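Both of the next two complexes hold chain A, though its partner changes from chain B to chain C.
And now, the complex of A and B:
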């Protein structure tokens, strides 16, 4: 008999049928009687003061029920307590092309769109900032008045004595790396439906219910309460199925609040669903990051110091920015053993959509730089790149110089696995020119040890209710967003209670029904909500065991719960239990409902040596009354990090580890890079559902591949040039390489059944693995991603000392400089900023606006 | 715009509908028939989440006028389940992790259905080519190939369920 009966086995997700048949409901699939359609008016300018908004013409249009503007909800909010700098609808200023100005609620989408055209806005244009390094020099016309030099936040951390260590290093590598901006592009556009009930006592608007495609229902409830000035208890947030998040839905997106404001004004339910272009404007993706990195090593390849200066182009609002810039520095630690670290991080505001959290939050771009530089160092020292990584391993359990506690550490095995499977030793450096292998490593938190809202509240709480039918209902606030959170919850509860999955029903993410959980982000759900589920199930199990033990005349800890049966440990061999299975085949227990209440108890049946799960449950309810349990999880104090300023970000109860080898070929004529295969090993602690873990690893690799090769948000004067899925170019089935996921199980001492995170940590290794493979193939070191054909060709020409090609030289200056330029709706309606400095119309405009391009 | 009466056949049933002549098939399915399985992921035929079959051919319902489909047989993901049970491809997508968030899944199911109707034993390259018009952001597609192969095996074994 194996150790576990439910976990560790590949199973279909509990909500899979709803997804494959189309029966499952996402927010935009919902419909309420009398529901109106909301449409939002967006700013056409990157930075402007609003002098006047006149909605009167729009309000008069037949079919328009309400028009709301910033005045209808003037309270600022933001996901971080330190970053309350957003308004659901702009009050006095717009700060990016796409910023929200007004919302129309109308009986149909056509009418709402027509009404948007009738809203008159008078702007006073202000100089705009698009480049973070330029923006940092700003003295006037600041994006937010309380942020001098447009710097949202800067941190300067020194651990050990990096200057001294660098001076003692045998070799110091130095370089500037740039990772361009990418976005989540989840398949489901954001959607929110808001509806008020009338209060029977006051006769006025009462409780509010919001259905939303969110990763964080409880944060949404909190921010709605803040902006609408309603008590949280009057607000219910329900999360239906969510069509992917990746961090893009991990904070409150303006439409969620706007829908509620519009519903309040219209006195009717209002649904707002973004179109794809609006999703790109809502953004909250990974910022363009400029990394100046110095790594010092000894002759044997042991790293003795790292200095990093990181500048992030954060866009117009704070969003998760303060956390992002801290992660970039904090997670320089906990992967390798580095004793001296200096980190200068700048989160800078620019007039572009706000950047926020995206898969691998804050770590991905810096990891690209670090792992690429480590490869350069290995080449310099004539060391095998896999070997130099092995020489810098941590020795856990340990606490890193910047206060991160590491317990389980599967990195060595991850490296061994990918080296072996890719035949690294035989092939690395020996493939024909044009084809190469590269390695990269990465790690990520299994949830943040400190919540973004400082409090002593547990990060996850789970309730379990079991009734006389033997059905187990688990109530969890954790948000299923496609990653398998509900399935994980069901598996852990079923395994602990020893019952079949068919008995499990997970009720999730409904603030009225489920206990609080801070949401699905920073890969925290398996570790934290999983632990809470485990504890809740153990509490219920204890109650069942005490009742069953009375019937079986043995101590409760002698009982084994497994496969829908409860039996005494000494009697529970395979053979003994086989005879029982027939007895419970019908699945019904005599007197299931009535026994203990109306029906007389049977005469003493004598001690039993086994019971079905239902019999045990009925016995427990007879004995205790209602059968419920609750469990919660808060990270232990030892895992919460150091004391320095900003120490709260980075610590986690456990870290996942990943190593990858990528095999690529480079076409030296076209500059095109093809990834043939990626071997991806990931230490997830324990794989609760291997098919899901594989899926998360492959998905991470694949998203990293997109950022490495194709995906980039292209800007021109603050206008997004590629706000469409075709132009943004996330890889399709044609471009996706074969990925061999390799699960490494390090069994974390605190994870539920030893599990850690598995859905973010792998992403960061893919980009440097590909960069290093390109170097192996053709000898060029690419320090800016994505590695597009243009950049590859430029580097190849530089390698041959040829003149770089200027693709746009001598061409019409107003012509698009990139093939995939698209420009979006505003562009085509002639509302965008003018296109090119030589465009006469723009010269007139810049004379008025000024500008910083 | 003034509504007109049209008759459409969807998943084997006829519906008489009063709709605007400029109404898109996707909106008609989702709003008028409450068949919300077909999804809107973009606005310009780039993602494939709205894929349906029109007379057995995959079409993107987000850029197709509903009125233009009069007299044709429309099949949506809701019409794929066989005799009240999961079709082999649906079961396989669940078992092999072909669906994570599931938003793109109905479109993929329709595309695969069409692929397998045309070619009962496609190679991996043929599968990749067929799927390339649909975008998925979660899975990296690999597990979909496994699911499709499993569904083909199940079909060949004449079973309705795979495992």
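And now, the complex of A and C:
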């Protein structure tokens, strides 16, 4: 008999049927009687003051029920307490092309769209900032008045004595790395449906219900309460099925609040679903990041200091920015043993959509730089890149120089596994020119030890209720967003209670029903909601055990709960139970087994040495009255990090570890890179559901591959040139390599059954593994991702001193001299066309305007 | 993004009926074949016709039909999937089979037609955007405005023709049949395109493309189509090269080369035929043909990737295609 009967087994997602048959309901599938469609008017200017908004013409259009603007919800909000800088609809200023101005609620989508054209907005144009390094020099026309030099936040951390250590280093590598901006591109666009109940007596608006494709129902409830000035108890947030989040739904997105304001004004339910372009504007993706990195090493490859200056192009609002820039510094620690670190991080505001949290939040771009540079160092010192990583391992349990506590640490095994399986020793550096192998490592938090809300509240709480027939309902606020949170919850509860999975029902993410959980982000759900589930289940189990033990005349801790039975440990084991286990012989119990007379008969039989789960439950309910339990989880104080400014971000109760080897080939004539295979080892503590872990590893590699080779948001003067999935190219099946997921189980002392993070940590290893493999293949070092064929070819030409390809020059003589300098928004500089009636240039810019670049 | 309102969806059953309706509503009507290009464009408000002429029910315009003694006739409504799967085409005109198989994605190939591919609107990053986007950016020559973002100061539209099958058809000396109220006419495909981005095809408002003819004289050429794209599936060509070639005694008897996605029209590079004819293909000849193709290409910032790179790829892809076709390395199995 194995240790566990439910966990550790590959189990299909409990919500798989709805998703695969199409019967499952996502927010946009929902419909209420009298529901209106909401459409949002977006700013046509990257930076402008709003002088006047006149909605009267739109309001008169047949079929329009309400038009709302910023003054309908003037309270600012933001996901971070330090970043309340957003208005659902702009009040005085717009800050990027696509910023939200007004919303029309109408009986149909086309009427709403038509009405948008009838809203007159008078702007006063302001100079706009598109480049973070330029923006940091701004003195006037700031994006937010209270942010001098357009710097949202800067941090300057020094741990140890990095200057001294660098001076003592045998070799110091130095370089600038750039990772361009990427977005989540979740399949399901954001969608929100808001509905007020009317008080039947007064006719006034009463309780509000919002259905939304969100990762964070409780934050949404909280921000709605703030902006709508309603008590949280009057607001119910329900999360239907969500078609992917990746961080893009991990904070309150304007449409969620706008739908509620519009529903309030229209006195009718309003649904808003973003089109893909609006999803790109809502964004909150990974910022373009400029990393100046210095790493000092001793001759033997031991790292003695790291200095990093990181500039993030954060877009127009704070969003999670302060956390992102802190993660970028904090996660320089906890992967390798580094004694001296200097970090200067700048989160800069620009007139583009806000960046936020995206899978691998804060760590991915810096990890790309670091792992690439480590590869350069290994080459310089003539060391095997896998070996240099082994020489810098942590010795856990330990607390890193920047205050991160590391307990379980599967990195050494991850490295060993990928090295062995890829036949690294035999093949690295020995493949024919054009083909190469590269390695990269990474790590990530299993949830943040300090929540973004400053309170002592547990991060997750779970309730369990068991019915008389042995049906178990788990109430959790954790948000299933496709990652398998409901399945994980069911597995942990079933394993703990020793009942079959079929008895489990998970009620999740409905703020009226489920206790508070701060949401699905920073890979916290398995660790935190999982621990809370475990504790809730143990509490109920204790109640069942005490009642069952009375019946069985033994101490409660003598009882074993397993496979829908409760039996005395001394009578346990396969043989003893096989004699009486007809009920579970089929291996599947659908809830009611022993009913009526049979149950009564068993009850009358008197003391016994085994009971079915259902019998035990009945005994417990008879004894306790009701069978409910609550469990919660708060990270232990020891895991909450140091005392320096910004120390709150980075600490986690446990870290996951990953190592990857990528095998690529490079076409030297075209610059095209093909990734043939990725060996991806991930230490997830314990794999509660191995197929799910495999899926997360493969998905992380795939998403990393996108950022490494194809994905990039292209900007010209504040216009996003590729706001659609045709032009924003995520990899398709054709270029997806074979991924060999390798699960490493370090059994964390605090994780539920030893489990840790498994859905983000692997992503960051993929990009440098590919970069390093490209270097192995053709000897070029790429320091800007994505490694598009033209970037690769440019580097190859530079290497061969062949005819260069100048990526900045147009071929046409009339074209601008520098490709990136000119852009669409020429009218913004007073040169616009006049012909079309809708042309904003007709509204005559008042002043002569100039941007920053 | 909703479809713009239109008065009527018209569904003719015959070519005459269709042409009659086109004439009646000329300038205020758009032809809908597979709709894979038209519908997204209408949502972006690039077209706001009062009438939409859905020609999908004209059954005579479907299918691949051998016409003994002259060649093969393809109805304008034949889908890419049908082209891809036609044994007749695979044997006689493999370059078309290859090109059709690279269009968009399998689902779109089930809907998209060869007629729609030939008539495909030219594309540009500053044009294929939503109304909201274009309004924010400033309208351009091709639609609603009077300047070009690609070549500021210029008055010509450079939007790139980005269809995959036309270069293959040009290599095959294809002709097209156009129906109008005054009857049918047949023109070489070569003469169909103008090379100007915003008036890219010679088709009057009351005209319908009905059939494509592939002459017998182009049958059984080896053929190859090479397409530059970033994403392995669902990507318009960022550059495309089609080559066909016939050999006798190891020498090139005849060859043709055409490029796409780097100019406002697909272009048959006539000089390539002269360069190749009578020769034995080797690296340096292939290189020279590549240089010629690159000279003809005039990519601008209409698409992803830089013009320089795309032009360079026309050179590389041409060289490779010429060598591959000489070695008979078509992807299509005979």
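By our rule, the second predicted complex is superposed on the first by the 785 of 853 C-alpha atoms of A that agree within 3 Å, B and C clash if a C-alpha of one lies under 4 Å from a C-alpha of the other, contacts with A are read in each partner's own complex, and residues count from 1 in each chain.
The rule is simple: a residue touches a chain if its C-beta (ideal position, glycine included) is under 8 Å from a C-beta of that chain, and two chains touch if they have at least 3 such contacts.
Treat the numbers as computed from the prediction; the structure is a model and nothing was measured.
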Chain B versus chain C as contact partner of A:29, first or second or both or neither: first
Touched partner set for A:453, first chain B, second chain C, both or neither: neither
Contacts of A:275 with chain B and chain C, given as first, second, both or neither: both
First (chain B), second (chain C), both or neither touched by A:702: first
Which superposed partner A:669 touches (first chain B, second chain C, both, neither): second
Touching partner for A:233 - first (chain B), second (chain C), both, neither: neither
Touched partner set for A:788, first chain B, second chain C, both or neither: second
First (chain B), second (chain C), both or neither touched by A:733: both
Interface residues of chain A shared between complexes with chain B and chain C: 275, 277, 726, 730, 732-734
Residues of chain A that touch chain B when the two form their complex: 10, 12-13, 15-26, 28-29, 31, 184-189, 241-246, 273, 275-277, 481-484, 691-692, 694-695, 698-699, 701-703, 724-726, 730, 732-734, 736, 738-739
Residue numbers on chain B that touch chain A, as the complex places them: 30-31, 34-44, 46-47, 49, 76-78, 80-81, 86, 89-91, 93-106, 109, 127-129, 131-144
Chain A - residues contacting chain C, complex: 42-45, 97-98, 109-110, 113, 275, 277, 669-671, 710, 714, 719, 721-723, 726-727, 729-735, 788-790, 793, 805-812, 814-816, 819, 822-828, 831-836, 838-841
Chain A partner contacts - residues on chain C that touch it in the complex: 1-3, 5, 125-126, 129-133, 135-140, 144-147, 149-154, 158, 228, 230-236, 298-301, 304-309, 311-313, 316, 320
